[in-house]
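Dropping the structures in below, format is structure tokens.
Next, two complexes with subunit A in common: one pairs it with subunit B, the other with subunit C.
Coming up: the complex of A and B.
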């Protein structure tokens, strides 16, 4: 599997990712520095104090100079600079720490998406044209029509407010993030809200491809052999029905990464998405550039990971 | 996205070639009446259509009359719940939630329909050209489309709004910039399939110019999938705007948007749940209605089911 062709392919893709990161960070850097006014506008500083601050961030130098030192800092030292709002906070460690939090939530969301989506899809396909199928199909349209923040809102309303009131505070969902690594208890609601809309899409896709697969000859052969229905479904049908599902894994991962921006804000999870939205609102431009650079790298790596997964799952694909 | 991400699934998929092109005019006409007949039989699509008509009516009424001004502060006690005077209660500043919801409907519809107008205006011609001329044009267009699909749209839209400044026009620009390629890809595929058909060959051999072939023959025959795609594009755009406004970088106060109303309400979820429930339900129902209508239109315009 990990032959020479694959390795060459991986290295090509990695070069492409580095190039993408370069292009994205350049566009954002130059775009932001062309904005009228400057990031320290809200500080209401004047005179020497203001000049000192500008000098501290290198904002008094010509744009080209700032740009080259940003690029050398990024690619040679992995240094994304210093926060404009919280003075003295270096961005790279901050962003890396937030990435671990976001990744944790994202992985659980992915688990919900794929697990729940496939389960519902298979059930709907096996019970095609019964009330179960219609119920699940309708649910899936509702599922992908509900914005993740609406789902999150109703989950909060139910588990954090009403349940709290109903049980008089003995059982409820605690909003927020406690430790360096969250516990399952504080992840499952955000992960569900993040994953459910995509689970509906996976369910639709699984249903459609299952319906196609179970009409094929080799399934009839398996039935004729006298195999049990569960074995046929689990071992013969589902495996081939999975292939179209894998193709949407790429957009799915991107969707979960971007969806995190909203969900992390709602549930107060200190991840990359919350930082991104806050830094845009606070005009902390250095963090905006840093987080966006991080996102570009993450999306590139996630796409590469998905493409490599194809090779593992479908032996017909080779690079 | 369903939500803001592009998935090949809920859309029209590998677009069917619509139209019994090459046959005489009366048959063409019956395609649309056939589609209408099938659409009327689809109960969910019909209910959705009725809901959307009501929504448009509400948005139009809000142009001339709302129960209170959407920006008037203190018409009721802040956070007060639904009552006879304020059907959906009041928000943090004592503004009437129902009036704000009505004006928010205008914003959502403007963004939803407005973006699709531009998406069609940008995506259709590019797709036609790429599909018809193939070769270099197609390679360049396909490359650009793939680049755009590779970058996360919500993040790009956020950066665009940061650079352009938040306003309704810029929101539409940002959404079109991240969503035009859905339509382009669809029309390109349609054109690639249609250009090999006999009736196009006949048109070409009878001396029709490329412009005539593209807009007189290929475009009318791909109208069905385009309509379906645009219908699915509307909820995607509305959702996108709600996301942006929810984060505070979309429509700016005091103009209400369902997204920003939900964000305000979420902050007061313990003391005034009506503030978040009202816009959430309005948003969900609207998105659902467009998606069901899109599903219905796709089934109605799909000739593979006709026999």
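Coming up: the complex of A and C.
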């Protein structure tokens, strides 16, 4: 699988990702410096104190000069600079830590998307035109008709408020994030809210694709050689049915990454998405640039991961 | 007379469609003896493939076997439970299909798909299965089988895929191999190799073969007995040589006559059977072949003929039969299926 062609392909894609990161961070950097006002606007500083701070952040230098030192800092040292609000806090370790938090939420959401989506899709296909199929199809229509922030709000209302009231505090969902990584108890609800709309899409696609696959000749061959029905479905049908599902996984993963911004804010998760909103509200421009750069890299890498999945699932595809 | 290994009795398979009930197989009966190889021939839609699929209960939706018996070792396959019929499939009765391109799973390695046939019936552990797979691939004359087992189906040629399918069919040394048009998707030289292979296996391993085909040439090369199907029914059956020499049903005669021949005259047109295969939703009354039959009599329009002995071992379902057509209708010239005959031209007439 990891032959020479694949490795060359991966390195080409990595180079492209670096270019994307370069382009995104440049646009954000240059754009943000064109905004009216400046980063220290909120603090109502005057005189030498103001000048000293401007000088500390290099904001008194010409834009071109600032831009080149930003690029060399980023690409040569991986240095995204220093926070404008919390002085002295370096941004790179901050966003990297927040990235792991977001990635944790995203991966669990992806688990729901693929696991739940495929399970529901396969069950609906096997029980085609029965009440099970109708129930699952209806659920998935509802699922992808609702944006994740609506689902998140309802889930919070139910699990954190009503359930708490109803069981008088015995069972409830505790909003928040205690350690560096969230516990399963903290993460399942936001991950579900983030993943469910996409799980619905995957379920519908898996169902359609399974129905297509189980009519294929090789499924008849598998039956004719006396395989058990469960083996036929799991080994022969599902893998083929996954191929179209992987095709939409690229956009779905991006949806999960960007949708995480809203979910993290609703559930108070200290990830990249929360930082994204906070930094904009705080006018912490350096962090805004850092967050955007991280998102660009994440989307690029996630897409690469999805494309490599093709090779694992379908042996006819070679890069 | 030995006892038959497989007895199909009055098999009826129907498809429930929006337009009504299609009787794809309508009262088919035949016996298969151990080590024998029989051919089932007919046009597309004659019910030959559905007959084969009905034996192993693999008829696709919305079709179902509605009545009849398929007796194998005194048990009726149509009455078995899901797990019991699964154990028969591939172990005692194996089946290979028309299009090797689509009949192998594209995402699994060819060797593994053959291993699976053995593993499904606990015939071997993984290592033994792999060993036997290599042997089987060698047996079906795939070159370098040790490396080919690791190939995916798309890395094999069409002929090799069909060989792999046959190897899969033989994996558990079944007593019956049902081959549903195994050579149709292959080019002619590969067809000949596959048929030769099947003939060898039939001779060497004693595997009984049911060959489903629309190609009379395939039957002539491989089978000892032939069943001719038309519109879901058997219209003629008997030993191959006898049927080829003296077909008694006009449909059999038409089929034989429509085989293109190398020694045909150059200006002679290909002979086909007039008309279309009947619509099985509304099959014609009387003999189902009567709208296309050149020898029909009044009775053919109203009464359905039954299979009856027309010669030793030979049965035909026809009121007229070619014997009578020849004698009483003076159709001697027409009946001659040799090149040039019946076309109005005589051999040697065109000499420019």
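The rule we apply is simple: the second predicted complex is superposed on the first by the 315 of 319 C-alpha atoms of A that agree within 3 Å, B and C clash if a C-alpha of one lies under 4 Å from a C-alpha of the other, contacts with A are read in each partner's own complex, and residues count from 1 in each chain.
The criterion applied here is as follows: a residue touches a chain if its C-beta (ideal position, glycine included) is under 8 Å from a C-beta of that chain, and two chains touch if they have at least 3 such contacts.
Note that the structure is predicted; figures quoted are calculated from it, not measured.
A.B. asks: Clash or fit: subunit B and subunit C on subunit A?
C.D. replies: Subunit B and subunit C fit side by side in the superposed model.
A.B. asks: In the overlay, answer first, second, both or neither for which of subunit B and subunit C A:136 touches.
C.D. replies: It touches nothing on subunit B or subunit C.
A.B. asks: Check whether A:95 is in contact with subunit B, with subunit C, with both or with neither, and answer first, second, both or neither.
C.D. replies: The answer is neither, since A:95 touches no partner chain.
A.B. asks: Which partner does A:239 reach: the first (subunit B), the second (subunit C), both, or neither?
C.D. replies: In the superposition, A:239 touches subunit C alone.
A.B. asks: May I ask you to name which of subunit B and subunit C touches more residues of subunit A?
C.D. replies: Of subunit B and subunit C, the partner in contact with more residues of subunit A is B.
A.B. asks: Quick check for you: in the superposed arrangement, does A:220 touch first (subunit B), second (subunit C), both or neither?
C.D. replies: Touch status of A:220: second partner only.
A.B. asks: Now for A:144: first (subunit B), second (subunit C), both, or neither, which partner does it touch?
C.D. replies: In the superposition, A:144 contacts subunit B only.
A.B. asks: Check whether A:231 is in contact with subunit B, with subunit C, with both or with neither, and answer first, second, both or neither.
C.D. replies: second
A.B. asks: On the chain A superposition, what angle, as a multiple of 10 degrees, is formed at subunit A by the C-alpha centres of subunit B and subunit C?
C.D. replies: In the superposed model, the angle at subunit A is 80 degrees.
A.B. asks: One more residue to check, A:187. First (subunit B), second (subunit C), both or neither?
C.D. replies: neither
A.B. asks: For A:116, decide between first (touching subunit B), second (touching subunit C), both and neither.
C.D. replies: In the superposition, A:116 touches no partner, neither subunit B nor subunit C.
A.B. asks: Between subunit B and subunit C, what is the tightest CA to CA spacing in Å in the combined model?
C.D. replies: 13
A.B. asks: In their shared complex, at which residues does subunit B touch subunit A?
C.D. replies: For this pair, the touching residues of subunit B are 1-10, 44, 149-155, 158-159, 162-163, 235, 239, 242-243, 246-249, 262, 265-266, 269-270, 273, 276-277, 280, 283-284, 287-288, 290-292, 295.
A.B. asks: Please output the residues of subunit A touching subunit B within their complex, sorted ascending.
C.D. replies: 20, 24, 28, 31-32, 34-35, 138, 141-142, 144-150, 153-154, 156-157, 160-161, 197-198, 200-201, 204-205, 247-248, 251-252, 254-255, 257-259, 261-262, 265-266, 276-277, 280-281, 288, 292, 295-296, 299-300, 303
A.B. asks: How about subunit A: which of its residues touch subunit C in the complex?
C.D. replies: Per the touch definition, subunit A meets subunit C at residues 215-218, 220-229, 231, 235-236, 239-240, 313-316.
A.B. asks: If we count contacts the way the header does, which residues on subunit C are in touch with subunit A in the complex?
C.D. replies: Against subunit A, subunit C makes touches at 56, 58, 60, 82, 86-91, 94-95, 97, 99, 102-109, 113, 116-117, 120-121, 152, 154, 165, 168, 171.
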